[in-house]
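Each of the next two complexes has chain A plus one other chain: chain B in the first, chain C in the second.
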Partner chain A sequence: MRKTIDACGLSCPEPVLLLKQDIDDAEEIELHVDNQASVNNCCRFARSKGFCVSVGGGGGKYTLTLTKG
Partner chain B sequence: MKQKLSVTLAGLAVGLVAVCLGVFGNPANMALCVACFIRDTAGSLGLHRAETVQYMRPEIIGIVFGAFFTGLAKKEFASKGGSSPYTRFLLGVCVMVGALVFLGCPLRMVLRIAGGDMNAVVGLLGFALGILTGIFFLNKGFSLKRSYDQPAVEGFGLPAANALLLILLVASPALLFFSANGPGSMHAPLLMSLAGGLIVGAAAQRSRLCFIGGVRDAVMFKDFHMLMPFAVVFATVLIGNLATAKFAFGFEGQPLAHTEWVWNVLGLYLVGFGSVLLGGCPLRQLVLASCGNSDAAVTVLGFFAGSAICHNFGLASSGAGTSAGGRVAFVVCMAFAFATATANTRILHKAREVLT
Partner chain C sequence: MDTRKLNKFTSCGGCTAKLPQGMLREAVSHIPHFSDPNLLVGFDTSDDGAVYKLTDDLAIINTLDFFPPMVNDPYLFGKIAAANALSDIYAMGGEVVSALNIVCFPEDEDPAILAEILRGGAEKVLEAGGVLCGGHSINDKEPKYGLSVTGTVHPDKIMHNNRCMIGDRIILTKPLGVGMITASYKAGAATEESYRQATGSMEKLNKYAFETAKQYRIHSCTDVTGFGFLGHLNEMATAEYSIHVEAGKVLYFKEAERLAAEYLMTGGGAKNRRFLQDKVDLQGLTMPMEEILFDPQTSGGLLLSVHKDDADALLADLNSHERSCCMVGEVIQREAGSIIVTA
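Up next, the complex of A and B:
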């Protein structure tokens, strides 16, 4: 199942919390965040859960594509 | 791996700067403290008149500039705001009240432990419990809601204000208040303090250094990498203190500390709890504010207001212990923190939706 999460504008650690809620029953997740700290935190968490991560965007708008790997 | 190295180096940088500033004149076990140094700066501006804690700390200005210029260089500066600013201001006041009950922010707690101050080890228990309480509410859906893009002037506000403070300090110190004795009178040379702050600000910006993030992320996500700077700062400062004969183990007679263990626990409990609700420790708030986050800037203003309130009304603790007013202020702030946490959880929102 593919999911989309909009975590833009949320304080640390809410983006990772939102990801944590959905990561167990998703095959692919598109995650939107707006700062580098959230990119780093979400990438680290997703990788620890066995997902492959690709990061796109920049300039304050990032899209992380997480695929179960 | 890269992030682990980054936080390790940041911890090393903070530890080395603290040791150097301690050797060159900053107060013992208080070579770097965001809460105390904001309090001293508030005093130098006349926001409070506690004569022993008034000095425009260049470290704060340096941290702001270090984070600001690093954020600009890395294209991470962005004007954002609008996430419950008034609540954040008041939580900033609460965190400062907790810090001045204990006498230090989480960074100073680590420096005190590394100096052998066992009162801070007791305080660490409260700090961890406060973070766990914050985690409880985060897991229940606590949120201060989203921030949004803001006009550039909003994000440049705090760095610009600090530029003005630096100009005042260098060009017109007669306008400021400076302590003649007490901790406010103890300080390293201006340029060294400024340089130390710049290093800490830059390192904290690059590594996202946060003293609550370590415990919080370890408990919530089994992510232990942010605990590393805690350990590295402790080890670096411990070695520095042993090498310079500044280590003194025990509870009694510790510099700028009291032995009321209950209040050491409770003070840092409020700091830990409030910081989790805010999304970062006082150092992290200062760094975020320097990179355009006006919610964090409002929180920093809350720190200033909190320190002024504490010292104008005799709420801050001293080496002799806590004050009656400080204990009352603590209860009020704790009640506010719990009310805020409860009112902003998703469970309550859902209940409200059902009712309507």
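Up next, the complex of A and C:
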């Protein structure tokens, strides 16, 4: 199942909390965040759950593509 | 009084809202250099407050600190913000003389909320033995509060942050983890109990710890705020010595460990990790422990570098009322990393 999460405007730990709600049921997640710290923390969390992560965007708009590895 | 939540205004409160350390250094490096023989402590060493000598036996300490709320209760926010601002005076070895309010507040909000913030702050200035004598306020969508504080110190008794002696022991006077706990509590992910522990610690003045510490041979002192335990410890290290920390001896609020294990860190913690990654050598720590050491603290404790022969007595003295202080490591011969942390 593919899921899209918009966590723009939220600061940590809220993007990770949003991701946590969906990560166990999803095969692929597209996550939007707007700061580097959220990119870092969400990437680390997703990898700990066995997802491969690719990060796109920049300049305050990032898209993380999480794929179950 | 309206109990609307203060936190609704802000995404990133307390010392977590600090600009990244690297960005600040770069920006400050471009301002003109001031040379005045009476300026005893300025920008150069990232110390806690500026110290200016007035006479041979009197110097003034100037410091200011303000930030957006990290708690919902305006009175508690006022107390924490003031305790945090006043702390820099103690970290420089001084005494509080006077303080001015720094206020940003939305003009269409309930003035009773502002009154509560100011009441909390004023009570802390009173407790510090200082006098609150004015301030400045700005209309702003996001509330912010803090103090500009003036203190005094004898020029020979200034507590620099980087005059540790090899062999000194390092003592931390408040448990870590308040950044993660307050941010997670706001998001509904931390318990009421740990939130109460964290805010109780944040509103406590560092005055008492310093008054105890100054009876011993203290060589250096700073306080732990937004750059976290490792960030402020890194400011204590120099090219002459490194600091070895035993992570197992560091006190922290227990729930912080669970939050870190669930990746519920703050943005400030991630910034601190990025800035410090090539300066600190973390050897065999668990992931949650690393995060606790990077966690930004609001109104954190003092880091004291004390003569090794005084360290046990000072720690016992500090912990005579409640066990909130810990001896975390020692100052060693310079190694490759400024800070070496072992499990």
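We take it that the second predicted complex is superposed on the first by the 69 of 69 C-alpha atoms of A that agree within 3 Å, B and C clash if a C-alpha of one lies under 4 Å from a C-alpha of the other, contacts with A are read in each partner's own complex, and residues count from 1 in each chain.
In the analysis below, a contact is a pair of C-beta atoms (placed from the backbone, for glycine too) under 8 Å apart; a residue touches a chain by one contact, two chains touch by 3 or more.
No experiment lies behind these values; they were computed from the predicted model shown.
Visitor: What is the contact status of A:17 with respect to chain B (first) and chain C (second): first, second, both, or neither?
Guide: In the superposition, A:17 contacts both chain B and chain C.
Visitor: So, does A:27 touch the first partner chain B, the second partner chain C, both, or neither?
Guide: neither
Visitor: Both chain B and chain C contact which residues of chain A?
Guide: 9-14, 16-17, 20, 35-37, 40-41, 44-45, 48
Visitor: In the complex of these two chains, what residues of chain B are touching chain A?
Guide: Of all residues in chain B, those touching chain A are 3, 74-76, 78, 80, 83, 138-139, 143-144, 146-149, 208, 210, 213, 216-217, 220-223, 225, 278-280, 295.
Visitor: Would you mind writing out the residues of chain C in touch with chain A in their complex?
Guide: Residues 11-12, 180, 183-184, 187, 189, 259, 262-271, 273-274.
Visitor: What part of chain A is in contact with chain B in the complex they form?
Guide: Contact set of chain A toward chain B: 8-14, 16-17, 20, 34-37, 40-41, 44-45, 48, 58-60.
Visitor: So in the complex, the part of chain A that touches chain C is made up of which residues?
Guide: Its residues touching chain C are 9-14, 16-17, 20, 35-38, 40-41, 44-45, 48.
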